[in-house]
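So the structure is just underneath, and the comments pick up after that.
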Amino acid sequence: MAFLDHVAILQVAVPLLAAPLCVMLPGRHLPWALTLAVSWFTLVCSIVLLAEVSAGGSIAYHLGNWPPPIGIEYRVDAINALVLLVVSGISAVALPYARRSVEHEIEPDRHGLFYTAYLLCLTGLLGVTITGDAFNIFVFLEISSLSTYVLVAAGARLDRRALSAAYTYLVLGTVGATFFVLGVGLLYMVTGTLNIADLAERLPPLAESRVVQAAFAFVVAGMGLKLAMFPLHTWLPNAYAYAPSLVTVFLAATATKVSVYVLLRFVYTVFGHEFAFIEPVLAWLVLPLAVIAMLAGSVVAIHQDNLKRMFAWSSIAQIGYMMLGLALASASGLTATVLHLFNHALMKGALFMALGGVMLRIGAVSLASVRGLASEMPWTFAALVIGGLSLIGVPGTVGFVSKWYLILAAIEKGWWLLALLIVAASLLAVIYVWKLVEAAYLQPAPQDRERVRDMPPDMLIPLWVLALANIWFGIDAGLTTSVAGTVVNAFLGGGS
Amino acid sequence: MPEAITEHYNYWLVIFLLMAGLFVTITSGNLVKKIVGLNVFQTAVFLFYISLAKLEGGTAPILTGEPERFSNPLPHVLILTAIVVGVATTALGLALVVRIRETYGSIEEAGLQEADRQDELRAAAEQGR
Amino acid sequence: MRHHLVLRVVSKLLIPFMLLFALYVQFHGDFGPGGGFQAGVIFAAAFILYALVFGIDHAREVLPEHVLRYLVPAGLALYTLTGFAGIALGGKYLDYDVLGSTPTAGQHLGILLVEFGVGVTVSAVMVSVFFTFAGRTRDVDEEDW
Amino acid sequence: MIELVQDIVSGTLLLAGAAFVLIGTLGLLRLPDFYARLHGAGITDTLGAELMLIGMMVQAGFSLVTVKLLLISLFVFFTSPTATHALANAARVTGLRPALVPEDDIETMRTRDD
Amino acid sequence: MWTAAAIALLVAMVMALTRAFLGPSLFDRVLAINSFGTKILLLIGVLGFLTERPEFMDIALLYALVNFIGTIAVLKFFRYRNLGLSSPAAARPENRK
Amino acid sequence: MAPDMVTVIDLVLLALLCAAAVALILVRQLFAVAILAGAFSMLSAGLLVTLDAVDVAFTEAAVGAGVSTVLLLGTLALTQRRSEESRRRGTGPALLAVVLTGGALVYATTDMPGFGDPEAPGFRHVVPEYIVGSETDIGVPNIVTSVLASYRGYDTLGEVAVIFTAGIGVLLLLGRRREDEIQDEARRSGSGDEG
């Protein structure tokens, strides 16, 4: 069997096969090793896929050999190849890091189950990203969501609030998914198809239909819940704050990105942003909400004491940036969204990894508890600072690139105020990152805390891989912008 | 107008059901009841799908040899999948409720929020030392 | 439920029929309503009834947890592997045509395997979920009642 | 001819069953307390249901459907009374008091049984 | 004929559901729901004949077999406040685990 | 005559479902909630039969009668029976969200194909191929089975994965632990609570 012919399906089917195997594995190390191997395998797959589609073409894979509208099809183009790369890449980097962190945070006899849930989450996210079928998105979204609830709840060993966070997430996530299904059902009702490409072909004549309008509303609301779009974000801060470190790293870097991707896919491929009713929705609803998210998320983040929560709120603000780019519906705006999707994964991955290390060493991640810690864990905090700078958008980091495009998009439209607001939100980020830096570098360590060592190398290396990626892709943005360019062309050029 | 009623009565009742389910999910203060509300909400969506699959004068999509008009089998398949997802969510949600009851001693949302707030305060106090 | 003679007798009578019915649903799904999922649930329901009437410890003896631990993933693994079999035999993932000598025979075999996988995982999950819920006791707080 | 007889017989059975179901459920709704309502439910579950099922069997003639109906009626015949019995038992053990029986009589019932 | 039977069943279902809602005791609710299950079973049977697809009897058969479980679970729940144990003695803390 | 009766049954069952849903809003006792959920499931199974979705009805019946109620009761046994039903918080925004949802759907109904309309796109596109293909390609009389297991077999694979996830999740959350683990946790939470 030719590997290349089947990469698209192997990408999802291999982790899916690994999940049941993982439950049967005894001990703590074997499940981890299997998960690690599978993650790297998916990374290889997504690199192959990205290489194949980066020329601008797309790969289709017909499951069960049924032609598309009849069967389910996998379709990979530049945007989902990029998201696949983000998901599998973060997973591949996070897993070497995971071993110690999970050993510290999860009961020893639950590791097999924990890694199984993790594999299922990975499968779900990859499956959502790669599929070309609207209902299949729902199924895999639920695989990833259910496993996410479990993974978040696994943090209850250290803090019981993980349970209530997981519960809230479960209720809101299920409402979101059900809205999404309802939207897909409405679309099916008027088109008779579930295939995304087929939908895109059959929808334009129906643009006036109220059913299509309602379908759009439900898809946006459903995905809005899943991606924590302001004001549907209430589940996110606690879920990220009390989940085990590995889970926070993985989720913060990937889960919301996949939902953003689905929204992009629906707004730009399925509906097409030229639909008469979509433009006002983007301009008058999504855009203001995105701006509020940007500012409010940052302001709330400033007032947080728990660092994981601080960065969780900052995630809400960052999702605001992505939604802003989406709502601007211009070439530079979309470029910014696509870039930020990639870049935010890098920064949040690095930041939460560093915090996971702090958690491992001192068992808490509050501002007060990290006082003076930078001298004891220099490498960890150096990476943390790089991530923070990237979050602010300092030139030379990835954060700068995406914000640059965003501001460009605002100026192109002549909306100077919006550009100013983007800058203002970045300045707010300076405040909370500074609070962290001040505590870690400038304040003395509390007397009663024992001195700790820096993170072990197997955790530091993944952290620094991400931190350096933040700088690398900030200086040489060629690869990401070229992919983003292809995406934007596909969305805005051929989207009619 | 009567035309519109006879054509869509089914959908309207389903919509009412959906609203009732969503209302219970959002407003109920009890965690178990919230899950039941979620179930009602999902069932309404399932019924919506099945309603759109119904064909006037059609029968269940099982071939019997004679040519017949069948209701649309595709939504049936989708909803089979969705029901399974619903059951899975319910089971997981209830398991979470049990754990919450064991750790918090309450299954009321208000009690939970109160406990979370207490946790927060205690954590803050601990840091302030 | 030691004193419920009637209940025990009727349950003993009923359970074999439920299991039979589950098998019927599992393999008759091609012709009538039903299939792997429904069969799995009915099978699990029979087990749940057994556990309810005769106590969960007895039920655990019939279907020990370490067996369940393998049954839960086995069905899913069977399903995925059926998919891979399609690739191995030169088709696409989940392509049943290549499984048999003729496409229709392949389809039949594929559907049979897949439905069986669904049935196994569903029944094992349902039973183990019930065991987990029912096997967990808590101190009975009188004021809650 | 046979069909006519079939129709008449099954129709009669069905309607009789339906009448019993109605009466029984009316009892379930209107009777004063749980123990009295048990009787109403009993009529529905056994007499009403069985008659209706037999009516259906007559209608179906000799086929797989009849076999299934026969099984259904068998199961209903066994499970419904069992469930009702178990329920009544549980109610009594839990101490649910009949509305129409004086307090003293219940006490004597208790002491005699336990 | 089928129509009359169906109407009778629907009316009976309304009454049973009312009882289930009104209670007052929990046993009333369980009783009502148990008999409600029987009515649904009969209705599905009648529907099969009404639409001339009597092979849907499988669903009725399923209800005949499975409906019982809910009631037993309720009962067990009441007597022992637990679904798993076989006797109340086992619920005492010292006998657990 | 006969189809009309089916319509009547359909309407009555739907009305009963709505009544049950309203009852669910009103009822405070958790046990009654569980019972109503059972009734709800049975009603929807009956409704699904009238809508020709026998496979779905079968599933709903099996799940509702066999598993859901038992699970719900199991949860109540482990938690508590009576809902204290705290003061309803934020009914205003909730009502707004619910009305918006309902409003969007009612708005959409005005452009929907009629109920049972054979001209609806669902019957014109893709599905005819399933109906023919089920006989010629697959040879399975139950079209739902052939779509479920073959045409859209991949969705079903996802479905099994979902149920598997739930099983794993429940085990991870509630699974029995070895004795030393429980003690370990007790020590941990004990020190955490006093701090």
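Order of writing sets the chain letters: A, B, C, D, E and F. Residues in each chain are counted from 1.
Methods note: contacts are C-beta pairs under 8 Å (C-beta built on N, C-alpha and C of every residue); 3 or more make two chains touch, one makes a residue touch a chain.
All figures in this text were calculated on a predicted structure; none of them were measured in a lab.
The chains that touch both chain C and chain F are A, B, E.
Considering the contact criterion stated above, the chains in touch with chain C and with chain E alike are B, D, F. The leading chain pair by number of C-beta pairs in contact is B-F.
For this pair, chain A with chain E, the centres built from the Cα atoms lie 46 Å apart. Chain geometry summary: the mean Cα position of chain A and that of chain B are 26 Å apart. A separation of 33 Å divides the Cα centre of chain B from that of chain D. The residues of chain F that reach two or more other chains are 36, 52, 54-55, 57-59, 62-63, 65-67, 70-71, 74-76, 78, 80, 101, 105, 110, 112-113, 120, 122-123, 126-127, 130, 141-142, 144, 148, 150, 152-159, 161-166, 168-171, 173-175, listed in rising order.
For chain E, residues touching at least two other chains, in rising order: 2, 30, 51, 55-56, 58-59, 61-62, 65-69, 72-74, 79, 81-83. Contacts with at least two other chains are made by residues 71, 75, 79, 82, 86 of chain D.
Chain pairs that touch, as defined above: A-B, A-C, A-F, B-C, B-E, B-F, C-D, C-E, C-F, D-E, E-F. Chain C contributes residues 25, 29-35, 37-38, 41-42, 44-45, 48, 52, 72-73, 75-76, 79-80, 83, 93-94, 96, 103-104, 107-108, 110-111, 114-115, 117-118, 121-122, 124-126, 128-130, 132-138, 141, 144-145 to its touches with chain F in the complex.
Across the complex, chain E is touched by residues 1-2, 5-6, 8-9, 12-13, 16, 19-20, 23, 27, 29, 31-32, 35-36, 38-39, 42-43, 45-46, 49-50, 52, 54, 57-58, 61-62, 65-66, 69-70, 73-74, 76-77, 179 of chain F. Chain E contributes residues 51, 53, 55-56 to its touches with chain B in the complex.
Per the touch definition, chain B reaches chain E in the complex via residues 59-60, 62. Every residue of chain B that touches chain C in the complex is listed here, in rising order: 60, 62, 80, 84, 91, 94-95, 98, 101-102.
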